[in-house]
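First the structure, in the form of structure tokens, and then the observations on it.
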Amino acid sequence: MKRNISITHLSQTPMEKQKVELVERKCIGHPDSIADGVAEAISRALCREYMEECDGAVLHHNTDQGEVVAGESRPQFGGGKIIKPIYFLLTGRATRQFGDKVFATDAIAVEAARAYLRQTIPTFNMETDVIVDCRMGTGSTDLRDVFHTKKGHTAVPRANDTSFGVGHAPFSQVEQIILGLDEYIANEFRPKNPMVGYDLKLMGLRDINTITITVASAMVDRYCSGIDEYVEMKEKMAESFTQVARQYTDRKVKVEINTADIIRKKTTSVFLTVNGTSAEMGDDGSVGRGNRCNGLITPNRPMSMEATSGKNPINHIGKIYNLLSTEIAKEACQKVDGIEEMYVRLLSQIGHPIDYPHIASVQCITKRGYTFKDFAPEVEEIVNKRLENITDITRLVIDGKLKTF
Amino acid sequence: MKRNISITHLSQTPMEKQKVELVERKCIGHPDSIADGVAEAISRALCREYMEECDGAVLHHNTDQGEVVAGESRPQFGGGKIIKPIYFLLTGRATRQFGDKVFATDAIAVEAARAYLRQTIPTFNMETDVIVDCRMGTGSTDLRDVFHTKKGHTAVPRANDTSFGVGHAPFSQVEQIILGLDEYIANEFRPKNPMVGYDLKLMGLRDINTITITVASAMVDRYCSGIDEYVEMKEKMAESFTQVARQYTDRKVKVEINTADIIRKKTTSVFLTVNGTSAEMGDDGSVGRGNRCNGLITPNRPMSMEATSGKNPINHIGKIYNLLSTEIAKEACQKVDGIEEMYVRLLSQIGHPIDYPHIASVQCITKRGYTFKDFAPEVEEIVNKRLENITDITRLVIDGKLKTF
Amino acid sequence: MKRNISITHLSQTPMEKQKVELVERKCIGHPDSIADGVAEAISRALCREYMEECDGAVLHHNTDQGEVVAGESRPQFGGGKIIKPIYFLLTGRATRQFGDKVFATDAIAVEAARAYLRQTIPTFNMETDVIVDCRMGTGSTDLRDVFHTKKGHTAVPRANDTSFGVGHAPFSQVEQIILGLDEYIANEFRPKNPMVGYDLKLMGLRDINTITITVASAMVDRYCSGIDEYVEMKEKMAESFTQVARQYTDRKVKVEINTADIIRKKTTSVFLTVNGTSAEMGDDGSVGRGNRCNGLITPNRPMSMEATSGKNPINHIGKIYNLLSTEIAKEACQKVDGIEEMYVRLLSQIGHPIDYPHIASVQCITKRGYTFKDFAPEVEEIVNKRLENITDITRLVIDGKLKTF
Amino acid sequence: MKRNISITHLSQTPMEKQKVELVERKCIGHPDSIADGVAEAISRALCREYMEECDGAVLHHNTDQGEVVAGESRPQFGGGKIIKPIYFLLTGRATRQFGDKVFATDAIAVEAARAYLRQTIPTFNMETDVIVDCRMGTGSTDLRDVFHTKKGHTAVPRANDTSFGVGHAPFSQVEQIILGLDEYIANEFRPKNPMVGYDLKLMGLRDINTITITVASAMVDRYCSGIDEYVEMKEKMAESFTQVARQYTDRKVKVEINTADIIRKKTTSVFLTVNGTSAEMGDDGSVGRGNRCNGLITPNRPMSMEATSGKNPINHIGKIYNLLSTEIAKEACQKVDGIEEMYVRLLSQIGHPIDYPHIASVQCITKRGYTFKDFAPEVEEIVNKRLENITDITRLVIDGKLKTF
């Protein structure tokens, strides 16, 4: 059966040539990102348990909900304290019984959530700073949609819903800067500067040729002796981050850290926290409210509202099609010459096999000097191949090789 | 002080001329919409209380979170039953003390949520079908940001965050159809056909000149005697909805209802519910995961990830700038000749007055036969005026005159 | 089979002749009593549902737990407000599936709890003042213990546990006064004086021939215009209550109301509430912490620690044996001459039919002028008869004809 | 000021001469005992925090509530699994602010509860088997009742309520056996036989001269390879426990273990658990529903309904008077010759200093050969002394030197 793939030329000003561009990322310790991470950790733990107990098969579940209810803290230079723990409500549903097997879904969810939190935000005292509660429901698994990870099983699951996924490539300079900064902070800057917390919001604004990166960064009080050290760190961050950004652009770059700080003799109000996340003192979070599955929020680009994190990676369109769209766009832009920009949209039809979307719509902005018709067949080939092997996405997700936020 | 307003020409294929277009709406009883509605109802109730107690002033609060945890039900033709109530967790925070006043924030939130649910989904038995729990935190009000609704107060609140809002106009045919259908169902079709529930998902796909509207509609079991009546209703819906859609387009229209239904002698699986929402039996919901503030999810258009519902309407950019962007685009397209399509983005800077955004970026696709330069000044004028009167948005929200989802 | 019934003479100073006697009762609106009432209301609602759905059979359940977490209020003369609702956590377990029947256990529990609260404390605004949450588990019904309320079924359920019940008769003067006062307040005084709330603690102390009744009574603020009316009411209560008490005794009676009140010009601290229960502002409650099943707390008498309320009335010893012990003692003291005081203890053996206790131990203090041996056989006869008809207790409980607290 | 102390002679058959006696103890891992232990652990942790922060002063709090909601498990020989964690709801209230100090009451409560559970039931996997949630309220501290543990502060706190405490001595044979067994199991038998869980219910029945000890003991599945080892262990327990019991009595002793077990070829139903407590699979627990502060439930003795655990040890009568009554009885029976049995009741009057009870009533059964009048003064002396030094109780509680359940 032929797939319904539509490759069209898009006549549009490419992003880099548009006057204004906005890009945002909520880093790993932002309340919304915490919610995403916990949701995905639970889904992956359930997948592993199902596979172990059911000879490689993954059963139905969805944990793409859940709420982070902020606690209360009293940060202070040198080290403050958590007054009221952050409250995590785990929800969603998972198959608890299948044949004669019973799965410890609630216990698995709580364990996965706590393990994720411990690992991701090592400043947390897991005995005092968080409460992980669980009101997960019971799902049932339709036999036709059991996904086997072992070879020899070729049935492709059917779409859980009429829904869609979107993706684009390549990333603009600002997008690259934001993603690059996030990695730099996580892997290089924070390890050397533990004062920098886990909850950063990176906001990139390009105004023609000036890029302003506004950073809101929670600081960890125990690693900050006083206001002077705090101010020093902000300067150090601005400097280092500017250097990182410059690796991706020749445009003018400005980095601003915690612009809402008030530092006066009488009233000092800075972004100081006990553990490095605003969830400890007033900011709630929930799944699917933050980054899209490419790690960014890009109001100048098409986006899906679907939460990717926590959804089952077997037949949930909101997860699989978003991830796949992005992968397709990336691969096509890398392998095929002549594409200035590409937007991929995959639309499912509930109950139909996920490798046959209702429509796979690809829009390409053609690079100067190339002809759309020349590269269109090559793009279609990639789309077709990727759809054929759509269950690779499932495997990558289960193995934790695809980020979801 | 001059505002930083950028009006630029956008060279882009207008939506109606793009090959594929996707538009979605989650109607009032969808779990995500319920979450949105409850969040907004609470914010408005708090606003009213603050105004009454504080001589017209509105204090700080944010209730743009909250979770709908699905219950369990046993629908059956003629009337089934709710086994386990839906659980609503109200979170967020609100000012509880201001001067010597104490506000009953929790009680107000619970009452507003219950009143909203009772009114919006009248099939709910409020004594058995829902649990409204509350873990709302305490916020504090910065004196400089108290918003006075009475005359004579001219101070404009300062942005709570560095964030942005986006909006567009005019609506495409598919967008108009989806919004038109939603209204038609709510105001005309359901009142006459109570079998149709409150939780509908309307998905519009335009493939060149064919528009397919896929409707997932929860049916209310007590108003449906059996499978025949159910099937009849689906036919009636398809027919009526097609007629409504045709008012907005000359394109070919197809309407499909509950395509996942399985109706066979042995196995019948249809979208039957006790109260007309899938929240009763397996689908969780949360604030900000559904429709944008224009009532739609439009992956072909720029969108903001921010939840509009439940945020305070005083200084929360995620609410005010999204609403304002949409209003600006609507007004400009209505009043100014020559605009084919318009995208508005407003970017704030934390701590700065909200009527002076960091940048107000407007992109226009020019109608054939018009010149961008001719209408640009008029557009700027509208943007400027609207920003000047930005607190009108606050008033409209409090009065319930602006929808947020 | 002969029952193991032991009737023994007890050589002990009768209560009325002991120097000091203490008796307490927590009235209907005391947090512990609210918890008891809610627990029992749920059990009765489940019984009714099971009987209706299962042709007269009652299935297994236990709802003898549950917590009342106090809210916050701001009472003030003329009418204050509830800030934070009281939170009720319903727990326990109930059979959700039996054969092909599914029972709406959670929904029934929530409905029963709300209905009970509405009816018992009519001052509650059910939309703002209470949150009823439910974390009830699932129980299973052993076929052998299904209790049939219809005729023709003669199997007697087997004891759920090795446990016991205790009861005594007759009631002493102080006991009679406390119970009499409770009735008088509920049926006569409060209806005419709505200022008197639902949460009263009646504490009776007899010191030889002086009886002091200390009353802690929550007052309802909306029915109290100011401190003068409050003080007046206290005087009126003291007077009326004294008159009531005198109907039961010739001893000297003193009644003291809200002795902890501080009424001074500067600092006034009185027991004022919005709804007439301390649960609204700081006092938690839980099942089984208050009155024993005879309505009293009597540290001078043997007591069982078992909560009677909420336990299933089919085979739960903690409920049935406590109720039955009391009934046996009452009947024997009424019908048999010569008993000054009687203490009944019934001990079960897990897994054995409840009409054959491990031991039924009855201790009698003989009235002056009578001989123990003369009336012992008559007492044994009553005990035997009552055990034979033990399932009458079940029926009376289901019909709400036996109080449990 | 002279204390109101009443020492009276009690004419009553001493316990050992009564025909039937019942004594029960719920061991450390029984759901009600877990609730008690957690409540007391929290109170002690709060005391320590207050003392550290406030120069030795203890502030107001009460945590004598809280609910243990049972989880779900699948025990199996060799090791089963926890499906759904036990849910602990911490409630009560504690002073959060005092002067300019802020106390991390919620975080302290959660930490204390988790630490207690980890230590007390070491089989618990704290990452999967328990959820500790907290809805603790805020209390306020009356300056007059701040209790200073440092020398030089002599003010005695005032009674929080009109309430009472009761105690008795000496312990009967059955009482001694039950307490002795509990200690033996905890300190000797379980360490060598880890199959024996933490949740045991010891029920002693004396029928004239035969003492039957019925033991319900949760077994830990990971330490039990199969039904044979299970049965063997039961035999071993019966034997060892009988030997222990014989140390306290010359009466006939019978020990029966898990009498409800069904061990047949087809249906085997035994008391097997994953962690050694029934809380994991169906039995809820709550504070104050189990043992009295002497560690026993004694329906043949006067008892108080008040929960001792979790109450503040400063001015809460329900805690202090129960502990003190027991201490007084113990001391008097030890030091004074001629007392066969003693019952102590202390009644407070709200607002009055706790060292001056409304009445301290002591009833003594005189030993054959002694005269009541001879030893009464000595008893009064002890009562008076103990009341004078009543705050010693507070210190002992804070230091964990007095058991509360």
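Order of writing sets the chain letters: A, B, C and D. Residues in each chain are counted from 1.
We adopt the following convention: contacts are C-beta pairs under 8 Å (C-beta built on N, C-alpha and C of every residue); 3 or more make two chains touch, one makes a residue touch a chain.
Keep in mind it's a predicted model, so treat the numbers as computed, not measured.
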Max Cα-centre separation from chain A goes to chain C
Can you give the whole-Å distance between the Cα centres of chain B and chain D? 56
Can you work out the whole-Å distance between the CA centroids of chain A and chain B? 24
Multi-chain contact sites of chain B, meaning residues that touch two or more partners: 72, 87
Chains grouped in pairs wherever the two touch, ordered by label: A-B, A-D, B-C, C-D
Help me check something: in the complex, which residues belonging to chain A touch chain B? 6, 8, 10-13, 18-20, 22, 65-67, 69-70, 72, 87, 89, 91-93, 135, 137, 139, 161-164, 166, 201, 203, 205, 207, 214, 216, 259-260, 282, 284-290, 292, 297, 299-305, 307, 345, 347, 349-351, 358-359, 361, 363
Quick check on the complex: what are the chain C residues that touch chain B? 71-72, 74, 81-85, 87, 96, 102-108, 110-111, 114-115, 127-129, 131-134
